[in-house]
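Each of the next two complexes has chain A plus one more chain, namely chain B in the first and chain C in the second.
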Partner chain A sequence: MSHRIRAIVYVASAIVTFATLMYAAMGLPKFGTFSGAYSAMLLQISTLERHVYNVPTAVNFDYRGFDTLGEEFIFFTSVAGVLFIFSAVRGKAEKHGEPMEHEGDRRQSGAIRWFPTGLTAFIAALGMDLGAHGQLTPGGGFQGGAIFGSAIACIYLGVGIHAFIRTAKKETFDMLEALGAFAFGALGVAAMWITGAFLRNIMPLGQTGATVSGGTIYFLSCAVFVEIACGFTVLLLVFLKQTGQTQEGEQ
Partner chain B sequence: MSLLQIILYVLVAVLGAAVVFSKRPINQLFIYTTFGMMLALLFFVLHAPDVGLSEIAVGTFAVPLMVLVTLMKTDTKT
Partner chain C sequence: MSGWTLYFPYAVAFWLFVIGCFGITQSRNLIHTILCIAVVQSSTYMLLLSIDFHAQAGAPIFGSTNPPGSASVDPILHALTLTDIVVGATVTALLLALTIQIYRRRGTIDPQRLRPMSE
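Moving on to the complex of A and B:
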């Protein structure tokens, strides 16, 4: 296709797309005036009905808990896919020995070493805090877990790959990730067994505002926290091992 | 719309375009990370802190990490 034809095709499709988008945007409600019946209803009933303050968490882990189950398994399957692909690649590179043997003697500036080291505990605490109080304040299992995972990444940045590999044992984190995903499903099936409805909130709701409240919402959030934190750690581990082997192979 | 919201909307639009137009993948990655931070701030300002926290974790940690490692592995010159 010549340059000219390509330009004509681009301009034509750009105009059509832009016009369609503008037409669709005209039908949108005015900025800040959206009022969906579903959100209004949830805002009214969720604190009374589920003893939670943070409505998005109640939606994620209770009212639309089944959607979250799907999302958790998308994450789980993605991590499994990455592990599968990289384990196939690792077979070839294995003979080059332990990953990143030279990492220890690489010179790093003090700021790069000490800043993440000092932050590790703080970020880990922040992640756990967000994960544990999803029903009270913004946050929840996914956000807390992802932030906890980045705390483990700080170990790599601050102390180095060997300490990171010693901390993040792949077998342990693999198992914990699967356990988190399993716990989510198991809670759902347990609810179905007891009440006949999948993921129904079966636990005592507790006092509104307490650390453990909202019934199964709290426990589902914890399960997601474990799954996401361990999943991110495993991802980081296999990615970093990859870079190590490339450099080993090239030397 | 408050002034802060307008500033953040403009920043997100400009940075989003910059991600598309930057040529070197490594520059693109760091612009993308800044874009993610601004997007997270915009979510906070629009009263969606849950989404903002997810965006911080994914947009400034998970995605940059994987892209960075991929760049390290595929192209040593960048």
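Moving on to the complex of A and C:
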């Protein structure tokens, strides 16, 4: 099928799809009028019951903590999946060994080298701030972890691919990532051991508004932070190793 | 607010879905295809958040200006959107890894030239 015919066929079907979806939207609550009973209740009780200000965090790590366990393992599995996909040709690729320092490293301007290096500490601090105060202000383990992961990406921009792959050991980050995932499950099992319910909030709730408050919410958030930050670093390292090898293979 | 504005945010969400799919059908590069999938996925964020919206309500995060119990949008849909974003990031990572492998094996990432049986 040529490009043009494909476009015509698609546009025709897209108009039908769009019209059907709009017809379906007529059955949705009108914009700005939806009000769920469950969420109305959560807004009333979560600060009193769990001593947190950020209700979505309470939903993620407490009321629906079991769903977040699944979400966390989606991330964990996909990092494992990326490692698995790349390991399929490792036997062939590893003959090249560590990627050599290629032209890109030497051509980097001072701005690209120094600007991210200076930013690293600030981005890392912002990530940790968001990760540690997820129960009080916007943020949480996922967001903070992703930002902390980009601080590590900044280190790569600063030092270049060669030095970065040599110093950042994939195995270390792999292990820390698994540890984060394990901590989440272990807290859940510990709660089951003590109270009989998986992921029940078993820690002292602390004072509302304190840095460490919300009971297990804080610790689950920290576990997710470690897992996401290290998972992103593992992904970065794996992709960098692959591109290093690809460029070598082409030369 | 009345008339068509009551459904306009849903129309934006469906538009993102349809235009993202259009990009997938017209794609000549798998990385472009992956970005189109990200656009399709962002339509789900738009849908969830537009169901969520309330004109007089703030974010479901309380503080000194909006004490606990004050008017706020639905926290569950916000939590769902967060889940959605995390899943989107992982899907992108997996697809990019697959793209690199496809390039290694076939020497092209143009989906038009990737025929199932050709070696």
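FYI, the second predicted complex is superposed on the first by the 228 of 251 C-alpha atoms of A that agree within 3 Å, B and C clash if a C-alpha of one lies under 4 Å from a C-alpha of the other, contacts with A are read in each partner's own complex, and residues count from 1 in each chain.
In the analysis below, contacts are C-beta pairs under 8 Å (C-beta built on N, C-alpha and C of every residue); 3 or more make two chains touch, one makes a residue touch a chain.
These numbers were taken from a predicted model, which means no experiment stands behind them.
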{"item": "First, second, both or neither for A:Leu130, with chain B first and chain C second", "value": "first"}
{"item": "Contacts of A:Leu240 with chain B and chain C, given as first, second, both or neither", "value": "first"}
{"item": "Touching partner for A:Gly32 - first (chain B), second (chain C), both, neither", "value": "both"}
{"item": "First, second, both or neither for A:Thr172, with chain B first and chain C second", "value": "neither"}
{"item": "Partner chain in contact with A:Gln207 - chain B first, chain C second, else both or neither", "value": "neither"}
{"item": "Chain B versus chain C as contact partner of A:Ser150, first or second or both or neither", "value": "first"}
{"item": "Partner chain in contact with A:Phe18 - chain B first, chain C second, else both or neither", "value": "second"}
{"item": "Chain A residues touched - chain C or chain B, whichever exceeds", "value": "C"}
{"item": "Set intersection of chain A contacts, chain C complex versus chain B complex", "value": "31-32, 54, 56, 138, 140, 142-143, 146, 235, 239, 242-243, 246"}
{"item": "Partner chain A, residues of chain B touching it in the complex", "value": "1, 49-50, 52-54, 56-58, 61-62, 65-66, 69, 72-73"}
{"item": "Contact set on chain A toward chain B in their complex", "value": "31-32, 54, 56-57, 130, 138-140, 142-143, 146-147, 149-150, 153, 232, 235-236, 239-240, 242-243, 246"}
{"item": "Residues of chain A defined as touching chain C within the complex", "value": "3, 6-7, 10-11, 14, 17-18, 21-22, 25-26, 28-32, 34-36, 38-39, 42-44, 46-48, 53-56, 58-60, 64, 67-68, 71, 74-75, 78-79, 81-82, 85-86, 88-89, 137-138, 140, 142-143, 146, 235, 238-239, 242-243, 246"}
{"item": "Interface residues, chain C side, partner chain A - complex", "value": "1, 5-11, 14-15, 17-18, 21-22, 25-26, 50-55, 59-63, 68-69, 72, 74-79, 82-83, 86-87, 89-91, 93-94, 96-98, 100-101, 103-104"}
